[in-house]
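Order of writing sets the labels: A, B, C and D. Residues in every chain begin at 1.
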Amino acid sequence: MGDNGKFRIVDFGLRIERGDRMKNVAIIIRALPFNTIRNSEALRCAVGLTIEEENKIKVLFIDDGVFSAASLSCPAAQERDLPKHVETLKMMEVELIAEEEALVSRKLKISREEITIKPRQVINEMISSADVVIPF
Amino acid sequence: MGDNGKFRIVDFGLRIERGDRMKNVAIIIRALPFNTIRNSEALRCAVGLTIEEENKIKVLFIDDGVFSAASLSCPAAQERDLPKHVETLKMMEVELIAEEEALVSRKLKISREEITIKPRQVINEMISSADVVIPF
Amino acid sequence: MKLCILLTTSPEDQNSIVVIKLVQAALEGGHTAGLFLMDDGVYNVVKKNKISIRFAGLMTKGASIALCGHTAEERGVGAEDCLSGVKYAGQYELACMVNEADRFLTFGG
Amino acid sequence: MKLCILLTTSPEDQNSIVVIKLVQAALEGGHTAGLFLMDDGVYNVVKKNKISIRFAGLMTKGASIALCGHTAEERGVGAEDCLSGVKYAGQYELACMVNEADRFLTFGG
């Protein structure tokens, strides 16, 4: 990327060649939604990670995590600011994806348009091609 | 028990008729041994519960908890004082019981004589007949 | 009836809210309630921890709260860090609670 | 190589020991290591918490440690409660770490 005008920050820790550092980050939400604040923290973390523009974030709801994706409009989810986080993430062009098989086997539906549904195989490929995977 | 000389402590909270208060307590250890200090805490708690002489304690290793029962002599277990706790419990006449089916399916053996092996059905009956069940 | 509860998880876990609501309901129903905190459960009554105000409220309404001093010390949580009224105790306290309780519940991980 | 680690569990979890040993090994191998603590993970660097001395040791050897001030505040853990040298930061710090790291690992519940 040397010639396209990307700058170098030589005095900022190890982030020497910023232009080379586009990172694909996969945040995985796989646990039941309301037993801890963990899933809310995962979304807050996803929002935070977008601050560094060189991070390209995906949020993947798999296994029991799809309960979080399916229940975003219920009072408990609102209490934990989940809808607000999801709206922010969409605004920041973060992809939010829920696992099709997990939804089917749990007879769940996604009502929020921010979240797209994809087969597990596709999600697995996203995980394995990510530079950084952060499971919650 | 009114006539057998058991005393009453009328000024000690709700513990009015101490003689009537023999409690069967089942402590259940069901998780893998070394990921947290939880199982060590369970045994320490069991030791503590024997201080009140009216508590009759059983420690039941079920499911993945049998790994704790089977690995009492390994260095990680010693680091967490598990053997010491088990010896103390035996001295205090606490029953230590591991689930037979869980051991078989995990191909584990119990080398410590403090721990007896019983079928799940028997353990289930112990749990359901206990006055207090403390799962760890 | 005397309801006693052992809580071993930090305020991060939903357990704290369930326990608070259970104890409130018990007290409102005219029952007695005692709490014993152990392991990360001790963080629930650290004064500087926001959730502690709700546990203080339970004590105001008559609940008794004790904690395992050993696990608190391991975490650097001294008696002075905890809500006033919380009994900085030991496993003996838990042993007595277990024996005295008409209903004893555990909320763990 | 720069190794960065996100730790979200309290010292009760074995994660803390694994992370300490990983970071030690990385530093001894001549690599750079950064830690970010979030949720109950912030308790690992509370000065009064016994395990914190081991994290202090990592900083002496060159590791950098930052934490999520928001989650610390929720727990009543102020900057003054933490080891000196720990950066009381925000999710921006984590975002940068994720971007800078050659290897990024998460240790959660």
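By our rule, contacts are C-beta pairs under 8 Å (C-beta built on N, C-alpha and C of every residue); 3 or more make two chains touch, one makes a residue touch a chain.
The model shown is predicted, which means the values in this text are computed figures rather than measured ones.
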item	value
Target chain D, source chain B, minimum contact steps	1
Farthest-lying chain, centroid of Cα atoms versus that of chain C	A
Whole-Å gap between the CA centroids of chain B and chain C	22
Euclidean distance of C-alpha centroids - chain C vs chain D, Å	29
Where chain A and chain C are represented by their mean Cα positions, the distance between them in whole Å	36
Where chain B touches two or more other chains, by residue	36-38
Residues of chain C touching at least two other chains	12, 39
Touch-based graph of the chains, sorted into line, ring, star, complete or other	other
Pairs of chains found to touch, sorted by chain label	A-C, A-D, B-C, B-D, C-D
Chain C partner contacts - residues on chain A that touch it in the complex	34-38
Touching residues on chain C, where the partner in the complex is chain B	2, 6, 8, 32, 38-39, 71, 90-92, 94-96, 98-101, 104, 106, 108-109
Residue ranges of chain D touching chain B (in the complex, touch as defined)	12-14
Contacting residues of chain A [partner chain D, same complex]	13-15, 21, 23, 25, 36-38, 41, 44-45, 47-52, 54-55, 131-136
Chain D contact footprint on chain C (complex, rising order)	10-12, 39-40, 43, 46-50, 52, 74-78
